[in-house]
Amino acid sequence: MANLTLVQAINLALIQEMEKDDRVLLLGEDVGANGGVFRVTEGLQKRFGDHRVVDTPLAESGIIGTAIGLAMAGLRPVPEIQFEGFLGPAYDQICSHAARMRTRTRGAFPVPLTIRVPVGGGIHAPELHSDSPEAIYAHTPGLKVVMPSSPYDAKGLLIASIRDPDPVIFFEPKRIYRAIREEVPEDEYVLPLGKARTVCEGDELTIVSWGASVVQCMQAIEKSGRSIELVDLRTIYPFDVEAVETSVRKTGRCVVVHEAPLTCGLGSEISARIMEKCFLHLEAPVQRVAGFDTIMPYYKLELEYMPDANRVVRAINDTLAY
Amino acid sequence: MPKTIAFKTEIERLSILDEHGNFDEKLGKGLIPDADLLKLYEAMVACRHLDEVAFKLQRSGRMGTYPQNMGQEATSLGASYALNKDDWLVTCYRENCGLFWRGVPMESILLHWMGDERGNAMPRPHHATPIAVPIGTQMLHATGLAWAAKYRGEKRIACTFFGDGATSEGDFHEACNFAANLDIPVVFVCQNNFWAISVPGKIQCSAPTLAQRGLAYGMPCLQVDGNDIFATTKAVRDAAEHCRTTSKPFFIEMVTYRLGDHTTADDARRYRDQAEVDAWKAKDPIKRLKLHLERQKIWDAKKEEALAAKVEADIAAAVSRAENIETPHAVDFFNSMYEELPADLVKQRETMQTHSLGQDPSEIAGAPHLNETPASAH
Amino acid sequence: MANLTLVQAINLALIQEMEKDDRVLLLGEDVGANGGVFRVTEGLQKRFGDHRVVDTPLAESGIIGTAIGLAMAGLRPVPEIQFEGFLGPAYDQICSHAARMRTRTRGAFPVPLTIRVPVGGGIHAPELHSDSPEAIYAHTPGLKVVMPSSPYDAKGLLIASIRDPDPVIFFEPKRIYRAIREEVPEDEYVLPLGKARTVCEGDELTIVSWGASVVQCMQAIEKSGRSIELVDLRTIYPFDVEAVETSVRKTGRCVVVHEAPLTCGLGSEISARIMEKCFLHLEAPVQRVAGFDTIMPYYKLELEYMPDANRVVRAINDTLAY
Amino acid sequence: MPKTIAFKTEIERLSILDEHGNFDEKLGKGLIPDADLLKLYEAMVACRHLDEVAFKLQRSGRMGTYPQNMGQEATSLGASYALNKDDWLVTCYRENCGLFWRGVPMESILLHWMGDERGNAMPRPHHATPIAVPIGTQMLHATGLAWAAKYRGEKRIACTFFGDGATSEGDFHEACNFAANLDIPVVFVCQNNFWAISVPGKIQCSAPTLAQRGLAYGMPCLQVDGNDIFATTKAVRDAAEHCRTTSKPFFIEMVTYRLGDHTTADDARRYRDQAEVDAWKAKDPIKRLKLHLERQKIWDAKKEEALAAKVEADIAAAVSRAENIETPHAVDFFNSMYEELPADLVKQRETMQTHSLGQDPSEIAGAPHLNETPASAH
C-alpha cells in the first residue's frame, strides 16, 4: 500500500500489465525518453526497452491506425494521445475502424486497444489542451469509455481496460493528475468496467458525475450541508444505469455535473434515462450543471467556464427547493 | 560552398511482357514456371468472369453496388503470387484476383457486396483483411500488422494495395511515414488506374510519377507495368525480399487502368472518352498473357474452351452458395458489437426497442424475438 | 413554381446563390463533370466554369481545411463531403478550426462555410454510407447544423445556410433525395435557421423529429389515428426549444424519433430540455425511438436498424397508455 | 524495353553566410542593402531578448506556457522580409521574428501566451493568421488563402511555416497535394530544428533530407541553411517569384536548431545532449550576422550597447501593455461564438447557468452579470 498520485497509480498499472503480458506495448508522442509530457510513462522505456515503449511520428491518426493493426494481430497496444484536443486527427481511425472492426468482420478481427488520453481543463494550458469530448465517443457504438476520478480507481480501471477485449478510450483528468494522493494497493486489482461507485450516501438528492468534476461535487455537498448521494460513473460507456436509477428512486431528485458542453453531453443521456426509468419517482426535473455551449476559453477565463462548487450548490438548492 | 547537392535519385520503370506480347527474356526467363503461369492465367480469366456475373446480379437486383476489377487483374495477382501465404495482404476493394489466389472464397466477396458482414469474416489463416470501403484507411493497419510481426520476431511482412486517389488521403502519408521511420517491413502498392471515380489522376498527383510519392520517406521506389503479370510478380518478389532482409518498406506504383465503370452505381461515359478506354483495352493483361502462352505453345483454343466451361460452373456454384446462405437473424447486428454485450444493448436486442416504456421484456406485449433470440446471442 | 425532388431543389438553390454572389464556389470529390455521385451539382461546372465548381483531390480534411482558408479570405465556399461516413477524416478541421476560428481570433476571422453532406440510411449502400452523426456536431460549439425533410425546406434552408456568416453543416437525407416531389417556388427564399416547422397539429401527443424520419413519423401518425402534433426541427443546432416546449406544454406527451444511435443522440438533449422546461406539464416520460447503440448494419439488415412507422406507433401507444 | 528511367531529380542546398562568417559574394552581393541588414539584425536581437523576458514572466507566474524561438530567428525573418507585406504569412508558434517584422505587435504574442484570445485577434491588414497550437493544421488554411487570392485574380501568395514534426501529420500531405494539383501558389517552409519536443528528427523523417518531402508532389525543392539570413531571404524571394509567375507551390527545408527547451513546460536535458546544443550555439544566426556586420564595418560595440538599451525599453513597454490590458469580462467567451448569438446561448450568458431552473433571468435571485453584460455583448 503506497500513497500515490493519479499519475503514479497509472504508471504502476502500466508496469504491472507490461510485466505480466508481453503483448502489451505503449506507443505515442514523447512517451519514451521523456516519459510523456505528464511523466505518466516515466521510466518505462528504460525498464522495458524501446520496442515496448515507442516514440512515434507526430501523427495521431497514424498512432491509432497502426495500433489497430497491432491489435488485429493479437497484441494489446496502449497508445497515448498527448491531449484530448488532439484526438481530432485520429477521430476517423477510432470511430470508423477501431469501433467497427469486430462487427465488420463478425468477430474475426477484434481490436483490444486502450487509448490513454489526458482530458479536461483547469491547468492553465493553451488552446485545445482543456476539452472534455467524452460524449462524442459515448455516442460511437463499438467503443468503451472510462474516466477515473481518483488514483485508486485509475489503477483498477486501467488494468481492466487493458485486459478488455474491445477498444477502450481511457480518459485521465489532468486537473487531478497530482492534486490528490490516495492509498493504492501494490498488487494488481481490477475494477469492472460499467460499474459506478457511490462516493457518499444521502437521501435528499443524487448527484451524478465523473472525472475531475467529482472533486467539485464533493466540495459542493460539503458546502450545502444537505444529505446528498454522489454517484461517480467511472465508466462513461456503458454507464451504470442501474446505480443511477436506484439512487434517484431513493432520493427523487438529481443533478448531473460535467465539464463538457451542455448540449448532447452525457448529462442529457443520463437525464433522459432517469425520466424514462424513474418518472413517477421524480420530485423535481433533473438538473444539469455543465460547461457552456461555447468553446472552452483560453485560460484567463477557463474557471468561468468550468462548473465549480458554487454552481453545483446553486443547482442543489434550486432542485431541493423545487 | 554555395549551392551544393543535398539529394539525388532516380526511379526505374519495370516491364517484361508488353502489350504486343514482346517478352524480355533477360528479366523474364524462369521467373514463373509454366505450370504456375497457366494457373495465373486461369485465375485472371475467372476473376474477369466473376465481374461479368456480379454486374448482372446487381442489374437484376440480386446484389448491391459492386466495383468491377476488369483490367486490373494482374496487379494484385502478381503480388499475391509473389508473397508468402502468411504475409499480410491488406487490400482495398479492387483486388479480388489476389484475394482469390490467397484462398478467399468467391462467395465471401459476393456476400460483402450483397450487404452481409459475413462476407468480411476473413478466416485468419488467409492473413487477409476485410474489404476497405473508406478510402486510404487500410494502409495504416498494414503498417500495424507488419509492426506486430516484427515485434514478435516473425519473418512475416505486409503488402498493402490502394488506388491513385487513396494517395491523396493523409492516412496514406502517415502509413508510409510510420513504416519508413520505425523500420516496419511493408510493401506499399499503388494501383494507378488513372481515375478516382470521375476525378482524373492529375488531380490526385500532378508529379511525373506516383512512384515518387515514396521518395518523401526515403523509400526505394519502382514504377511497374501493372498489366504485365511478370512485372508485377518480379516487382513484389524483389520488394518483399528487400522488406524481409532490411525490415524497411518499399514503394511500388503499378500502372494499370479501370476498364469498367467505377462501380455499378457509376456511368464513366459522363467523364471519360471511349477512345481512352479502347486504347487501354489493347493493353489488357489477360489478352497479353494469352498471346504469350500461345506463342509458348502451352495454350490453345481447346484449353480456352475448357477453362471457360469450368469457370462458369465454379462461379455459378459460388453465386448459389452466396445466395443460399441462411438469411441473417434480425438481431444479428447486435451480436458482434462487443465480446460481451453490455446489459443495455442486451435489452435493446431483446426488445428491439430503444425507448424505455416496457423495455423490460416481461412488461412487453408480444415483443419480437423473445423466444427466438439467435444461439449466437447467448 | 415547379414540382421538384430534394436533389433538384438543392441544385436550384446552388444555382441561384452562385448567380447572385460570386464569392460562392463549390468544391469536393466528383462535384464537377460528374455532377456529384447523387447528381446534386449536375450541370453546375458547365454553367459556372471549373474555377467555381472544383473537383478536389480525394481528401476530406483537405477539402474542409482549404475551404476554411477560402472562407477566412472572405469567400463563401460550399464544400461537399460525399457521404456522412467520410466526415471522419475532416473531423479535426471542422471541430478544431471551422468551429473555433471566429472565437479564437475574437471575431477577426469568421468562417462562412457551408458543408453539404448526404446523410442517413435506407438506400442499400455499402458500409459507412448510411450513418447519422448529427449529434456529434450538435455537441460541437461554434457550428450550426441543418437537416431538411422536404424539397421546399431544402431550398430555403440551404440558401439561409450559405448566407449565414458562420460554419454550417447541411445534412441532406439521401433516402428522400428523390422519394418526394413538392412544389418549390422558382424565386429564391430563405427559411430562418433555428426555427422548427409544425408539420401537423394535434393535442394528444407531440412527435419531434427531423430529416428522413419525418416521413416515417407521418406514416405512424396516419396509422395511429390519434391527434398528434409533429414538429420537424429543420435545424439541429441551434434547435427550436420554444417550438418543442410550446407543443409539449399543450399535449403533455412526447416521442422523439431519429435514426442516429440512442445514447447521447439529439433525442437525449430534447428529452432533457423538455423535462427541464415542461416538467409539471408532462403526463408521461418523453420516449425516444432511435437507432440502436450498434453500428449501422450492412444493408441486408439496415431496415431492422432504422426506426420505422411500426416502432413509432408502438411508442405512441405506449406513451398515450401511460 | 526492360528497365527504363521513370523519374530523375536532385535537390540543392543553399548557404551564403556560414557559421564562420564566410560570405559568398557571388550569391550574396547586393542581396540585402546595408540599411535593411541592420534592421534585420536589430529585429533578431529584439526577438531574442523577448524570449528571455517571456521566460522570466512564465517562471514568475505572470505568463503561461511559452515556446522560445531562440536560434531560429533567421528563418521566419528572412521569409517575412522577402515576401510582399500583403502575402499571407501562415505560421505555427515559433515565428515571432517574422511576425514582428510584418507588424504584429509584441504584446499580441505575449497576450496569447497569457491565455487571452485578444492576442490572436490579428488585424487583417497584417495578412497574418492566428498562432496555430494544433500541429500541422495551418498549412491547409494557407493553401485555401492562396487559392482565394488566385480565385480573385490577385497576385497575392501564401507562405506557411511548420516544423519537422508537423510534416508527419496527414494534413501536411493534403495541404501540399492540394496546392500542387490545383495550381495554388504557396511557399511551404519546413523549419527543421531536429526535435519535436523529445522526439528526434529521424522519427519524423528518416529520408536524407526533409526537402524531398516536396518531391511527392512534383514541387521544386530546396534545402537552406536556416541560420543564415541571406540564404533564407534569397530562398523565399526566389520561391515567391516562382509561385507568383507559375501559380504553383514551392518547398523549402530550412535547417536550424531549437537552442532552448521545447516550451517553458519542457526540460530538454531529459532527452538531448548538451554537446549537441553547444555545437549549434556556434551556428547561432545572430552571432554570425553580427560578425559579418562588424567585418563590413557597419556595426560596433557602441551600436550594440545602444541597441540593447532600446530593445530592453521597447520590450518592457510591450510587456506592460500586455499586462495592463483590461481584464476580460467573465462572459467574454460567449461573445465571438457566432456573429449572432443563438437565444439559448444568450440565456446561458445572462445567467451563467446551464441548468434550467430559473434560467429565465427574471426568475433568478441575484443572477450574476445581469446588470453588467459587457458592451461587446450587444
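Going in written order, the chains are labelled A, B, C and D, and every chain counts its residues from 1.
Simple rule for what comes next: a residue touches a chain if its C-beta (ideal position, glycine included) is under 8 Å from a C-beta of that chain, and two chains touch if they have at least 3 such contacts.
As the structure is a prediction and not an experimental result, all values here were calculated from the model.
The chains in contact with chain A and with chain B alike are C, D.
Averaged Cα coordinates give chain A a centre that lies 30 Å from the centre of chain C.
Chain B and chain C, compared by their mean Cα positions, are separated by 34 Å. Each chain gets one centre point, the mean of its Cα atoms, and the points for chain B and chain D are 43 Å apart. Looking at chain A, one finds that residues 56-57, 59, 61-62, 85, 88-89, 92, 96, 103-104, 127-128, 141-142, 263, 276, 284-285, 287-288, 292-295 touch two or more other chains. Within chain D, residues 117, 134, 168-171, 174, 177, 181-182, 203-204, 333, 337, 344-345, 355-357 each touch two or more of the remaining chains. Shown here, the protein chains touch in all possible pairs. If you check the complex, the residues on chain C that touch chain A are 61, 85, 88-89, 91-92, 95-96, 99-100, 103-104, 127-128, 135-136, 138-139, 141-142, 237, 260-261, 263-269, 271-272, 275-276, 279, 282, 284-288, 292-295.
Chain B meets chain C in the complex at residues 64-65, 112-117, 133-136, 165-166, 168-171, 196-199, 203-204, 265-266, 270-271, 327-328, 330-334, 337, 344-345, 348-349, 352-358. Here chain D touches chain B in the complex through residues 1-16, 18, 24, 26-27, 168-174, 177, 180-182, 202-209, 211-218, 223, going by the rule given at the top.
Within the complex formed with chain A, the residues of chain B that make contact are 117-118, 120-124, 129-130, 134, 137, 140-149, 151, 170-171, 174-175, 177-178, 181-182, 333, 336-340, 342-345, 355-357, 359.
Every residue of chain C that touches chain D in the complex is listed here, in rising order: 25, 51, 54, 56-57, 59, 61-62, 65-75, 77, 89, 92-93, 96-97, 101-110, 141-142, 144, 165-166, 194, 238, 241-242, 273, 276-277.
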